[in-house]
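The chains carry the letters A, B, C, D, E, F and G, assigned in the order they are written, with residues numbered from 1 in each.
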Amino acid sequence: MVMPNALLEKSLNKRVSLFLKDGRTLEGTLTGFDDYMNMVLEDTKEDREESSRKLGVVVLRGNNVVSISFI
Amino acid sequence: MVMPNALLEKSLNKRVSLFLKDGRTLEGTLTGFDDYMNMVLEDTKEDREESSRKLGVVVLRGNNVVSISFI
Amino acid sequence: MVMPNALLEKSLNKRVSLFLKDGRTLEGTLTGFDDYMNMVLEDTKEDREESSRKLGVVVLRGNNVVSISFI
Amino acid sequence: MVMPNALLEKSLNKRVSLFLKDGRTLEGTLTGFDDYMNMVLEDTKEDREESSRKLGVVVLRGNNVVSISFI
Amino acid sequence: MVMPNALLEKSLNKRVSLFLKDGRTLEGTLTGFDDYMNMVLEDTKEDREESSRKLGVVVLRGNNVVSISFI
Amino acid sequence: MVMPNALLEKSLNKRVSLFLKDGRTLEGTLTGFDDYMNMVLEDTKEDREESSRKLGVVVLRGNNVVSISFI
Amino acid sequence: MVMPNALLEKSLNKRVSLFLKDGRTLEGTLTGFDDYMNMVLEDTKEDREESSRKLGVVVLRGNNVVSISFI
């Protein structure tokens, strides 16, 4: 069994793609997370339906995250 | 009585279909989950109303899951 | 007084109809549930406004359930 | 002071009208409830804006209930 | 400092106006409440945008209440 | 570091402006609050998009508050 | 590993940009936060889709925050 937290830990310093409840996608390097799945991303790129922008370092509240995929 | 957690445990390494609150369906191989029903899927395929794409390995936050069915 | 949990327990292996927050209705045989009202249904049929399909065995997250009626 | 729980207890086996978050109204005989205000209704009638139907015995998840009035 | 609970206690048996998340306003005599701000109102009048009706005694789930004002 | 609670305490008996989840703004004198950020306002004025009215004393449930600014 | 809380602590007295669930963006100097990610901003500027205004000192409820980026 792969625990969700263990998979996040193995993905530290790797690129991940976060799908958020509000429809945005954030792609960045996962540099940290806590028990609530709050996460820290670096070199973050935000994609919305019609636009894209660079956000640098971002803290994400875990309860806004729907899914995390690995690139 | 079949406890929901016990059924998930029996379904490890099997294909499942997750229906999410935002209307997406994810189909993948269930390789892990935790007490909050956060889940790990592998070889994941995402289906939206008009499109479909491959996502590979995905961590899903349990509170976005509506139902899990077994394929 | 009929406790809600006790009524669910008495309904094990009987057909129930679940009304979900997203408007779907699931009809199936209740084979398990836990303290969060996560439930296991078998021989499940899903009804939406304009379509219907068979889902087999389903795990439902309790916080998506509005009401349970007994058939 | 009338505690909400005490009023529900006094209303056991009486007709109540539940107003739900999704706009439905359920009218039935209150035969049980628990600490989360999950409730059991019997001889339940469901009213939506344009339709009405009989549901018999119903378990309601408390977090979908907005208000309870007494008939 | 006026604690919110203390103000509710001082308002027992007085007319209050509750503004709910679903846009309804309930006006009634506050006869009880608990730690979750579940409340009991008597001689309740419900106001929606285009209609008004008498509801008598009402139990309100606290998590549907936005604000309470005193008449 | 300024703790959010400490700032609220320093703002007692001062005018504050609360922005609520439902889009309303309440301006009033903060006379109390508790650990859940439930708040008591006096001499409250409510502003909606197209209308404004006086509400006097108001108890606000904390989970409906988005932000508090100081006037 | 960079814990989300540790990153916030390192960002005290620096400019941050908060993206809120209701679509607003707040830019301000982070002067405090607590365990619930309630935050205190100073010299705050609020941006909506079509307008912008100065808000001065603001307390933000953490559960309305989607993401925090650093400027």
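Note that a contact is a pair of C-beta atoms (placed from the backbone, for glycine too) under 8 Å apart; a residue touches a chain by one contact, two chains touch by 3 or more.
Since the model is a prediction, treat every value here as computed from it, not as a measurement.
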Partner chains shared by subunit A and subunit F (touch criterion as defined above): G
Centre distance in Å when subunit D and subunit E are each reduced to the mean of their C-alpha atoms: 18
Distance from the mean Cα position of subunit F to that of subunit C, given in whole angstrom: 41
Intercentroid distance (Cα basis), subunit E paired with subunit C, Å: 33
Where subunit B touches two or more other chains at once, by residue number: 63
Ring walk, subunit D to subunit E and onward: D, E, F, G, A, B, C
Touching residues (chain side subunit D, partner subunit E) in the complex: 1-8, 21, 37, 62-63, 65-70
Subunit E residues touching subunit D - in the complex, by the definition given at the top: 12, 20, 22, 26, 31-34, 38-40, 44, 55-61, 63-64
